[in-house]
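Right after this note come the structures.
Next come two complexes built around chain A: one with chain B, the other with chain C.
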Partner chain A sequence: MTSGFHIVVCGSLVPDPLQTLEPVQGPGGPGLKNEMMLPSVLDPWAAHALYEAAHLAKQTPDSRVWLVSLGPKARLQQLMMSIAQKAAFQLVAVDGSASGFTDCYDVAAVLAEAIEGIEGLDRSRLLLFGGRSSASRDAGVTMQMVGERLGISEQFLAVDKLEARSDGSLRVLERVEGGRYLASVCDGPPLVCAWSTGELPEPPNNPQIGMQNMRAIMPALQKARTVQVGAAGTDYRSVEVPRQRRDTRVVKMRRSTKSPARSSSGSGAEHGESPLPSTHTRRRHVTQSGPGSLDRRSPGLGGGERWEL
Partner chain B sequence: MSETTIERQSMEVDIVCVGFGPATGGFLTTLSRALQDPDKQSFLQSRVMPGMPLQVVCYERADDIGFGVSGVVTRAHGLRQSFPDLEPGEIPMSCPVTEEKLVYLKDPMGASRRPAGVKSIDVLLGTLRPIRARRDHAVELPHIPDFMSKEDGLVLSIGQFNQWVGSLLMSSGQVQIWPGMPVAKPLVEDSRVVGVRLVDQGTNLKGVPSEGYMPGMDVEAALTVVGDGPVGPVGRMLDEHFGMPAQDQRRDWAVGMKMVVDLPEHCRLEPGTVLHTLGYPEPEIFGFLYVMPERIASLGIFVPSWLDSPVRTSYRYLQHWMMHPYIWRYLEGGALRSWGAKTLQESGRRGEPHLVGHGFARIGEGSGSTNVLTGSGVDEAWTTGVQLGEGVIELLRDGKPFTRENLEGAYVRRRRDSWVEKEARVAEKARDGFQRGFASGLLGMGLSGLSGGKLNVSSGKGKGREGVPSLEEYYEGRIDPERIQKIRRETAAARTSLHAALMEAAGWPPIPYDGKLLVSQQDALLIGGKVQAPPGYPDHVVFIYPSVCEGCASKLCIEICSGEAITPGEGGGLPEFDREKCVHCGACVWNCEEENIEFRAGAGGLHSAEN
Partner chain C sequence: MSTGKAAVEKGPTLSTLPGDDVRQIMWRFAERYDLQMLVQSARAVARGPVARLVADGARNTHEWTPEKAALLNAFDEAGITAVFLEPEHGGFIEGPKNLALALAALELAWVDGGAATGAMAGHLGLAPIHEKGTPEQSELYMKRSAPVQPGEKREQWRGAFALTEPIPYVGVDTGVLNGKVTVKEWKGGEEPILHVEKRGRFITNMAFANFVAAAVDTGDERIKSSCMVILEEGDPGTYDRGTPTKKLVHQLSSTNDPIFSLDVPASRIIGGYTIKDGVIVPNYSHGEIIDSVFKRTRVTVGLMTAAKLLSAVEPVIRYQRGRFRGGESDQPGTPRHDLGLQQKEDALHRLVDIWATGEAGASLGFWAARVFDELDPMDHRRPEIFAKYDIPEGRRALRAMAEWTERAVEYVRLAAKPAADRDQARFQELEGNELVQYLVTDALANVLCPAVKLWNTGHGANMMREAVSLMGGYGITEDCPGFLPQKWMDAQLEATYEGPEAVQRRQLSVTMTNAIFLAQFEEWIREMRRVAGMRPGSGACTLASAMELWLWTLRHLLEAKDAAGNPLYKGHRQGVTFPLADALCWLLASRSQITDMIELEERGPQNPSLSEGLAGFLRFFTDLCHVQAASAAGEVSRVCSSLVFGYNAHPSWKTDAGNVYDARELVVLENVMPGLCSCAVDALDEDLGAPLKRGPCVRFDGYEPFNLRRGKLDGCLTGSRLAKDNAARMLTEVMIPESLDYPQ
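So, the complex of A and B:
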């Protein structure tokens, strides 16, 4: 049996966050002013998912990565110019809206259908990746719905780390409130990871990877299926883009003696930052007892769950 | 981490292009069309990947192919030859020229430097339409010379145009364009360019390898097409290596600084309206305003190298220009959408480098294609790219290698026989008169244009870059030397540039910021420029010898810096560079009197696609 993963990353474009975004009501519903003129970037949450997928695939022989992208074909093509040098992947393109006014349920259905149609995909080895807030107006629901449609019940939201262990199990760190992590362990794929920022930096551009990717990207774009995912019939009473909030608070501390080791701007603690987050570890042992049913058992605490602080 | 532990990789392609602008757009459009033509596919085969079509790849420094460029009005001769059925509506923010005016702006503030010759022009033109001229402090000239006219032309956002062209190219599947990938240098072996080296990634600001270090890949190619603009590092390195042709020199430059503005509701300017201005805020500074569809305007000024002010500042002058009564009546109540700046190589034909050599060819503005007489560059740049594309196809058809001689015959010959060359020859000496002064400059342009380049006003001794006076000389009679010294001390202590304090001391009023259109320079960076500086790359502006900067009295680099990225260093010595504010305009390079600034390939910069 091979140990490689089949990683499917769901990710599409969003307007470059550096642009000025202004919602307007058009004949086809709400949208952004001059939306087609706005430069796009890969949804930053999904970008983390893609980088993590590429890294994991590189560490795990016989792994493959697909990027399933739902967006206007012409803009997807442009997006590929900026991301195809970052990571090796096979593109599965779906031609449809990627605006902030799509319906999460429709998007999930389209993505699930596209994934089901991937030739050579071994669902028993599937790691389904996406961004924690992608295609959901920050509700964090789309990836869960895609997972449900594909029958994957091991789902993790706001993931920062996925570790493939030597026994085949997977250890996942999810962000929880209070700056802490929830650690879970499951036996192996399939699972859904809706990624937060992950731990990896943006990879450098690798021209060779870009050349290889692009040979398959253009055919994938050419055969992209056109779909409708807009919330037809939905009446948006009001629309606004997230406000840019600047909550920076600078706390200057007066020191009685000058310390040459510290810069005048001070250390993180002086600015009131929290110490590094501690880690909760929650072991979730998963065994499959029958088709489609999962039996979760605690390894140690008599029916409860063990938390390691 | 040691650099030697990671091997530098290399890759072979057939043609590698440096920079994606109108010139490379023209080249790749021509080539990709041929690659799709069944009759030509047999000879457009890859030499490095047998059985595959020609492998053509283009690397662009900016994060997107539409970032960091400029809005233009163009006659679009070359563009229409490539796209005979072009409908302006296909390209966002573009429209046909409907009305064109040449406007002389007088000085309503009494603050600009107006020598006797300029004052005479003020009086003379004021007699043309005295009432209107008095009210608007401007005169609409009754005639636009044919050589300047853009009748039947197009107003374009080059950012949007580049995106449109890039999207056509990518959908052809025949060429690859990679933004966000700066090219560090050409690879030269025995006087032959054999490809390019991409920048190292994963370094600190000084270029020292750090986490994630990846040496820039060597991309080897039989032909390297250099279209990296007026201050592109690859082009400049080729100039250094091969020298300039005899008699050719690059003396004239300009910073073009512009804004894209949402015009106010009351503005009645129609899409396609084009205004050219001259005379204000300083006589040497030309301005433009192009009206695009949906009540958007692209407007700005050109600050030339022959403005002999030691406190050249594009941004402050741009604001004063916008507030001129003639312009402000259209702009008041508008809002800033986008902002940016770029260098223009204004020597044109006379700044032409060696266009070809073994294994390389130069196209676009960096190849001297900009025409300063007609005020046109994009159409010329595009056309030079098309000419090279046609030449390359011809050479591949004939099975000839990309030697200097073959490229001379296939590309340079086409260029010499074309309207680009003919018009460039007319313009060659058109601006020499500005070295003597504004009035001589206008006279020289008129003579050159009307006589087809046969009559010109010579440059005389020449001021330009070599002749920038000291602050005391420049402000003689307007600000006393003691006050200048005081301002010097105060700005050095505050580590700010000199121009704001000096201009106000010379009579320029403070800018009444409104938070929408009149904003501070740093707000323009945030609101309009959206400048990015990705980590992992070395700084691209380097002061070569710190001692030279420390001894430099003028520090024009600080004053001209479009994004205030270069600021006075501690004690007023070595300037500091903050690349998170750099818009990659390159003005620091040609403003450094000591030639002590290295402008390298750098990632990031503007993130506006509307310029």
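So, the complex of A and C:
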């Protein structure tokens, strides 16, 4: 490949999950109690997308990373004080609500418009990243809608790994049921990747990177366009806050030198990547790269870990 | 005086615990992105690797373990090591760094004081070089200490600071050094080789430091004075790191008792030297260097203790609220379920006091850090500034300084007036005068530094005990959330190292009588009255009255004598000077707390994120200011009264009974002036026998100005308990996170 990727990551802020989250009906619609006062973090799945983007850009010369964030400007600025230290990116800020009660359709429209307006963005090299769902809304549809609006039909959901191969193709591992991955190969960008946790740890803060990023981030915040996104016309019958105890269970397994055990039942006893039961093939989005797209050759994710949902 | 019944009104309340938006405004770094980032990165280290170490029991060993050593890398990665460095040496913060260091220390000590100390001790090792080192020394050691960047191939150096020696030598009194420097070899025309003998006690970072800034006295007539020298691992001789100190506190930092017997070139004398008549004359004595180092680093220590108190609020509230949940009769929605121990007034009131102390300590510490940021550039140019105005160094400076002191006081007075009411031309002239600016800032810094170190750590340690007690038995277990018992104990070290409380009190007793400082203090009294006019519930009037009482007492004591005719305000009379120094700290802390609250009030509306909660924060902080001002007033009253009257001889029946009525006289006088009997405090009985007591009661002749001020101050406490009630109520309403953001 002669030129690098143009990676756009969509991600905004959500209340710090350790805070007390109490849904309330306010004069302006539904929201969380003291929402504006709660400390916020970058939406966790989107954060993984950002770290993966920064990592990929570092590995691939001539790549660029943008973070497109729709959120209240002042709060975004606060968020940047930590995020801008972790990875190098350019911010595209849109000033509006980041509430979990906004309508995904409206949010996707705003994000797509913001991306279309990015100067110097080469859409043929575009990798559109985001989280598989937002921690405050958990709808899991925004990225697909942004992709559709931008005319990107290659879409991968709950991605844990994206590998840029020397022939320019991209190999993607998506989480599917039963602790398995669907492996797909795509000819190249553009594509949409809605990330799960990915494989990278949270990068440490480095104020030196932060100071460099801030030179461009402050002007980006200053010129952020104000938009109205809300929940007008939406009626919430019930709202549930995430349970404190999540169901995710990480099971460490002894690393085996033998090839991964394969259970004929496909019950999830395998670790790593495994052949998919045929029912899963309907979730394939990638068709361009021919028969090799369902990759069953390479070893699993290594690390000897499997996750269970 | 109106004592009308004032109900505790309902109004805006505290919605959440104050977050970054609030703190950035109050502590004045809302415009500093470099500092905001530093806060985030230090916080991530504190609540991540540091907290995990503490929770895993890493504090239970004195040894310097690989796990503890890994923290150094975490500090490097997070930019904490580089905070102290100039950008050309690998740092990222331009200009003075006191506020930056203070913020980093606060974040780390929020979880563990030892981690904070470990991070700061590297800076302490470099500080003598930073303050007084030659350009070559700065270049070399600063660059070596910068974290290694990707692609760089070099070892990163870490420093230590060795002043304290084994008993009976230097500790609190930095004068009596046993460590010695002598000339080992001095060939004509070549640089002398020195020999250094130094033993250290309680030296932080010593398990791994590659270089040490060591204080030594001259042990050779060819060396003029004491100095500080840089010792390197690898210098010929002994560089023995010694045994680890068996600390009960701060176990995440390394402390050892090292032994050095090394040969070093004379170029290692910090700040360089000249040769005069065959004698090496160090450009700076060890005392001069240490003064300029501790002046800055002590502020950071004070903030560590303030962090502990503020960090205690959330775990205490959570414990109190959940105290009775889960029991058989527990019913969600009942006060017992929702509030738990918060139903009890005393539990709330004590937490209000803890929080108020934490606020005041943080405000005082950050004020001091900002003042040092202002002072630093001037201080580093001090020799040039003094030369420009023909001020000699040393004792002869005193006389030359007198007229400049007057000008500095004049500037302080003019600066406090509105522009329209002052001689603007004169004001601008003085404002543009570097020497005047230096003197004003220096006078303030010389008070603030010991005040922060003394009050924040000493009183802070006492209040940490209160915090621990609010957690009941849990409070004295390793499982206590927020590591509160460890923090209580750690606070005691913070009160001790870098000069214990006695050293700070001694310094204050000198610097607080400086005319330029006192002029500023007088202006603050007026300022607080003005504040009170606009913000009646803030306790500013209470504080102003307490400040007046303190100032009157100081001026009185400077002139007064004790019963035996000996002057009271003297260096050796620590019973006089020390309590007065303590009392001053309460006042300064309270003032800084009020000014930070005003800053939030004035600048908070500019931050849209705060629009929802600002009114509640202001209400709560205003009440906390009032509570703290009342506590300060109480301390000041107690101290001043005991000093003003405590050194007088009590009147006795033998010598002072002349003015006492006798019973028969009183009967006659009562007929002429009915009611007189009830006014007579003392009366002899019919046989002229004295009542059974110490002597006639004390008369206040000459003390009317004191009594007036003291009486007024008592009255000024009006409303302060209502403020406490109000703050306590808000503690029951504030929303706290579901759980602490660091492990237990």
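Please note the rule applied: the second predicted complex is superposed on the first by the 240 of 309 C-alpha atoms of A that agree within 3 Å, B and C clash if a C-alpha of one lies under 4 Å from a C-alpha of the other, contacts with A are read in each partner's own complex, and residues count from 1 in each chain.
Just so we're on the same page, a contact is a pair of C-beta atoms (placed from the backbone, for glycine too) under 8 Å apart; a residue touches a chain by one contact, two chains touch by 3 or more.
Source: prediction; values computed, not measured.
Participant: For the three-chain model obtained by superposing on chain A, do chain B and chain C clash or fit?
Facilitator: clash
Participant: So, A:S82: does it touch chain B (first), chain C (second), both, or neither?
Facilitator: It touches chain B and chain C both.
Participant: So, A:P201: does it touch chain B (first), chain C (second), both, or neither?
Facilitator: first
Participant: Would you sort A:M214 into first (chain B), second (chain C), both or neither based on which partner it touches?
Facilitator: Both partners, chain B and chain C.
Participant: For A:P72, using the defined touch cut-off, is the partner it touches chain B, chain C, both, or neither? Pick first, second, both or neither.
Facilitator: It touches chain C, and chain B stays clear.
Participant: So in the superposed three-chain picture, is A:Q19 touching just chain B, just chain C, both, or none of them (first/second/both/neither)?
Facilitator: In the superposed model, A:Q19 contacts both chain B and chain C.
Participant: Would you indicate which of the stretches 61-69, 115-123 or 475-483 belonging to chain B has clashing C-alpha atoms with chain C?
Facilitator: In the superposition, chain C collides with chain B along 61-69.
Participant: Check chain A for residues that touch chain B in one structure and chain C in the other, and list them.
Facilitator: 16, 18-20, 34, 36-39, 74, 78, 81-82, 85, 204-208, 210-211, 214, 218
Participant: Which residues, counting only chain B, touch chain A once they are in their complex?
Facilitator: 9, 11, 13, 55, 57, 59, 63-67, 92-93, 160, 163, 166-167, 170-171, 173, 176-181, 198, 201-202, 211-212, 214, 217, 219, 337, 527, 530, 532, 534-536, 607-610
Participant: Help me check something: in the complex, which residues belonging to chain C touch chain A?
Facilitator: 15-16, 19-21, 33-34, 36-41, 44-45, 74, 77-79, 82, 92, 607-613, 735-741
Participant: Flag every residue of chain A that touches chain B in the complex, lowest number first.
Facilitator: Residues of chain A touching chain B: 16, 18-20, 34, 36-39, 74, 77-78, 80-82, 85, 201-208, 210-211, 214, 218-219, 221-222.
Participant: If you look only at chain A, which of its residues touch chain C in the complex?
Facilitator: Residues 16, 18-20, 22, 33-39, 72-75, 78, 81-82, 84-85, 204-208, 210-211, 214, 218, 244 of chain A touch chain C in their complex.
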